[in-house]
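Mind looking over this structure? Questions follow.
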């Protein structure tokens, strides 16, 4: 019974407008990821929900209660801080036990919970150390374990795995997901790792300079970005945008004509297409258009090509054994169902007669 | 058990503050008193503050106060002492010196304190210094100019300045100017403050000061520089010399203060006992006064702590050697035909401190800073006049009696 | 290597600068009366003697005075930390109207010689029944120590990251608990310094102690008049005698000046 | 939580009440003393008498001079000690202890200690004689050697009161995370510049406290001065004391106190201005 | 002229053996990435090279000079700290200018360099702020700008972009790479982001518990891991390892037989294959083996399948429109040239008669 709802939060730091009227609802037991560029207000939003910062306007509800005026301890939350904030004067064990001790948990429960959280974060061997004796990633894991140990109803995490290597991260991500689903914890999670966001989130809220610009399930966010910002921000490499001329309800790429869901305002339209949704062929193909290879980058599982089409740059991923060299011309075939259309002025998506 | 039931007498005193003296006061002098006494010695500043505060708050703890004559005026002007005429009349048989009884009235019609004990200032010299006495001089009839010559001889012989005076912050130098220099040279302290005689006095003293150890301005007590050998000839309160005399009686001689044109000015020191208004145990205080003024207790006080009786009694022969030397010097000082005793200031009330300041400042400006004597005397005379006019105090001995405030001519 | 040696030499020189005068006074305190006046003086007691020191212990009431001193200083320590730390915390963590004024005003309480406040204070204390009690003296001493307590603690708290406290809040602490469990342990060395300082202020203060007590004297107050008017050997011995308890006390509490958990090398 | 705004006030309230009771009220009485004559009317008489007093100018001069010489000396020395302590590996505890000993020494005792050194038959002369610089004792503490007397007072005060600055600074230093120093080092700062550019600014809050504290107390030096030099080196607090006790003139004494208060306020404001803490900049 | 060489570095923290005899050479102007699990000693190694920590044994050379005994300031390096360590008492501008001021650079140079570094890191608008007024990612960028501004010969960076979003990171990565190549800065760079490592590094050093286990160019590290640790650590998801029975010089997966480069010691061998190197087919295929789908995870550009083959788990990536549901059986065909073989005991790769 612990959804989070924030309504119309505005937060000013002096003249800096960190949050600009943010409303967001996280359902009970839902796992929501906050995604957005550096400095867009993610931490600020988390801190306001935690009660560490006070919004200039707006209200915060947790589990249906209006907690706007409550102190952090009464909000039944736990939080992982971006800069860890582990207590330097306590051992790892005591750091993790901290919240439980505040709840006056029995010694057995403390021990059990600490062990569980520590094992989960792979720091069971470090329990006796002080934070000064830990590496960055280890400290971060202590911070996460400390939040998990209290089994909160609402968990706020600010880039909790940012200092971990891919493998550990993958593992922790999976464990975290399982654990939180099991314990039915409502979670709001900040990350800049899209894979993490995709794989963890029930829903993703994309933020940009103090606003939530899209809030939807991961696949929707990925495949149907609400605007060019989201499309350009999500995906690595991000979505390509090609400015194309419009004829009637159709856009044209050279000989190729593509149907538009609705007629755009102006005489041009933006085609949004993900790098993996353009099939590259060395030879001309039907339903394709030519582009010149500028850069070839090997990225392990695939090659990343940067191409130019009429002065506009495009990124395309191809299998690692694909033969391509700068200067060569390739034919690109867009996958039909995967094309998005945006208004070139506002950047907003054109939708099917909605 | 009956004794223990008695409320004790809280006795606060500015005298016997040195730790040994306080010990002897408690353990020897007060030993035979029938009641219980808590004796607490205190510096005069907190002493005054305390009595005043208690009076102002209306809750008095102290039943008996002992202090020097000069300690009482601020208490009396604040109305925190109770007259003790009744006690005085109980003590008719004590044979107090009438001068002292009179001083105890503080220039009023009532007796404010009962004389307790007395002392005075004398001189002490290291025996090594005697060989440098000027030709024909005798320590017992030393004049101020001979003292200067003596100092000059000493410096010539040793290369050091070996005269000493207690001119430190807690020292009693101002008593020397008030009670010794001025009377000896002018037969006055106030009225002739800026006279030509005073001028001459200061210029002679200035000449003498060349041979005075400049550390004198840090000396509060002369017994230590004497013992340390930093100084060979010194003037001070007998209680502040006694330790030296007692420790090395064979190294030192005690003798009277020098003689000036008008004779040998000297000043007795008088301590008295008074009862605060609202004292919680007045009866006990009265009993304690009665006890302390008994002849045998007065003698014990002399033997133990070096203050002389205020009643007429014969000194025993078995005094400690230092005390004996002091007593002899005092006797010679008081009884010689040139004796010129001066009284402690009378009737200045709380302005006693500022009166002292006039003399301290005059000394500092003329002697230490070398300012022009005439100008200093004129300027300080104005201050002195203001004190006198503010308090309307008539002259006291050796100044000739006056109608109205003692004039500064 | 070389730098280390220079460091060590400097440190030793500074230590000697502190110790030598104490050693000299100790020498005098353990000499007989005559050698106090001797010249030239040697570094060691020429005539070792416990006479003057023993005398101090023999004085009636010294034991009680020492007890009183500890009682008063202890009370002062507790009171000034209890009153000062919250204020210091407020100054460090909040910006509030009047904060700057408070900061200046609290300092100003130390800029006025206590002597001049004596009579009004004494009168008030007599009326309240605080006169001649350890608590009364401790209150005045607290007033003296409070400005330091406030300012020192405020600069301490300023150095402790706010996030730590916030983390504690989110983990279920009230503000007070967070303070006690997180800020306090981190500030402990500094607070220890503050506390020692309050203790020492009280231990050495004579004026208020003299004026506000009669029977319940603290040690310095008890000795003050005696020292001022006593012969030099007693003053030296007394000076030494006054230093010794401080030596012991600081020795006992010295380890708290340093952190217990090595945050120093964070 | 709008209610947060009352918290700081709640936190300072106890100390405010306490000081109102124990300090403000007697202070007002004392202040009134300085501006009221014996007959109860307003007057500047006490200030005039103070200003025209023989020792006034010297007292002002020496007090200010002492403060100006002593305080920087103490702060610099304490800083050196605090930095040295960081460089000492073994025996750190011992040095910490020894250096903080003077904390526990009252001005009364310090005066006595240094008297035994500077007095005519003291250790300084004994030492100088032993190394053959002098034959006979020289006088250091007389009115004829004011410079030496001044130095003696400075020595005694530095000896006695550096420890408190040191302790405040050490406590402050411990709160500075070491990575700042490391970052500075990596970016080419010599130890000297690291100290100036990183340590010192980060130590500013503590330094400010130490400076203000020492300045205010230096403006009140008294016991040590009197013990060493009697009145040869008049200082303001001493004059206040003499007027109050020896001359029994509370009005003038209060005037001196007001003067001390005034100088302290001014000095404090100057410090606060010059060393505005980062917190203000950040907020 | 500023290569880095460390020789046989051992570092103990009490009983913790943080570095276990590490030797590493970074050539002049080379860009080397340190990669390894949390707590393996990356930061420690960097700190020893910087001179902030002293090795228990071993020597450090920078530009041919033995700097083992030199203080950090004499090593002509710059460093980005894992926890930023931006000076709280200095504005962003002064933070960035710090190193230049230490070099007593002229005011014009300071201004020019600060502006350049700030623009590069997109913090030119924050120059007047204090660090307390910045978000986590912004602080991190200040730390990087501070290091870049001094144009060091050797640059040490400890996870310098870990708190940035993918887009910004991509951009900064590219700019960093260009800048450092241009300025010919020798760089040692710690990251846990493999894509970053792959795209930036000339060579990658993979560390594990205090040792360097493989040091090679990125593609080699990815395609030819020296042992199972590297194979399992690099790649997201990592390489699959299947334990297979050996017959002669061949391994068997059901009916499928695969040639081995060399005969292994025991009777079994580990097949290492990357998830993208297994082609999944709904129908039986030649040269394939069957496996059962356990989990289907959409990851945006592709689906991640977890399958079981004879009780051993496998991860495979397939195009996002691939139809798969748990329980279904798929036929997996390994891409011939992409198979690696490891000794099941030591985990080391079996190499072609080398």
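Quick notes on this structure:
Think of it as A, B, C, D and E in the order they're written, each chain with its own count starting at 1.
Going forward, a residue touches a chain if its C-beta (ideal position, glycine included) is under 8 Å from a C-beta of that chain, and two chains touch if they have at least 3 such contacts.
Every value quoted in this text rests on a predicted model; they were computed, and no experiment measured them.
The fewest steps needed to get from chain A to chain B, moving only between touching chains, is 2. Chain pair with the most C-beta contact pairs: C-D.
The distance from the centre of chain C to the centre of chain E, each centre being the mean of the chain's C-alpha atoms, comes to 56 Å. Centre-to-centre spacing of chain B and chain E amounts to 93 Å, using the average Cα coordinate of each chain. As a whole-number value, the distance joining the C-alpha centres of chain B and chain C reads 38 Å.
In chain C, the residues that touch at least two other chains are 37, 39, 115, 119, 124, 175, 186, 224, 227, 238, 259, 263, 265-266.
Residue positions of chain E touching 2 or more other chains, listed in rising order: 83, 133.
Touching of two or more other chains is recorded for residues 121, 137, 177, 179, 241, 244-245 of chain D. Against chain A, the residues of chain E that register as touching in their complex are 13-14, 16, 35-39, 42-44, 82-83, 133-138, 141, 158-159, 162-170, 192-195, 198-199, 218-219, 222, 232-238, 274-276, 297-302, 317, 320. Touching chain C in their complex are the following residues of chain D: 5, 7-9, 11-12, 14-16, 18-19, 22-23, 25-27, 29-30, 33, 77, 80-81, 84-85, 87-89, 92-93, 95-109, 112-114, 116-117, 121-123, 125-126, 129-130, 137, 159, 163-164, 167-168, 170-172, 174-179, 205-206, 208-209, 212-213, 216-217, 219-220, 222, 237, 240-241, 244-245, 250, 253-254, 256-257, 260-261, 264-265, 268-269, 272, 277, 279-280, 283. By the touch rule above, chain E contacts chain D in their complex via residues 50-52, 71-73, 77-79, 81, 83, 85-90, 98-99, 101-103, 130, 132-133, 146, 150.
Residues 161, 163-164, 166-175, 177, 181-182, 185-186, 259, 261-263, 265-266 of chain C touch chain A in their complex.
On the chain B side of its complex with chain C, the touching residues are 10, 12, 17-20, 22-23, 26-27, 38, 40-43, 45-46, 49-50, 52-54, 56-59, 61-62, 170, 220-221, 223-224, 227-229, 243, 247.
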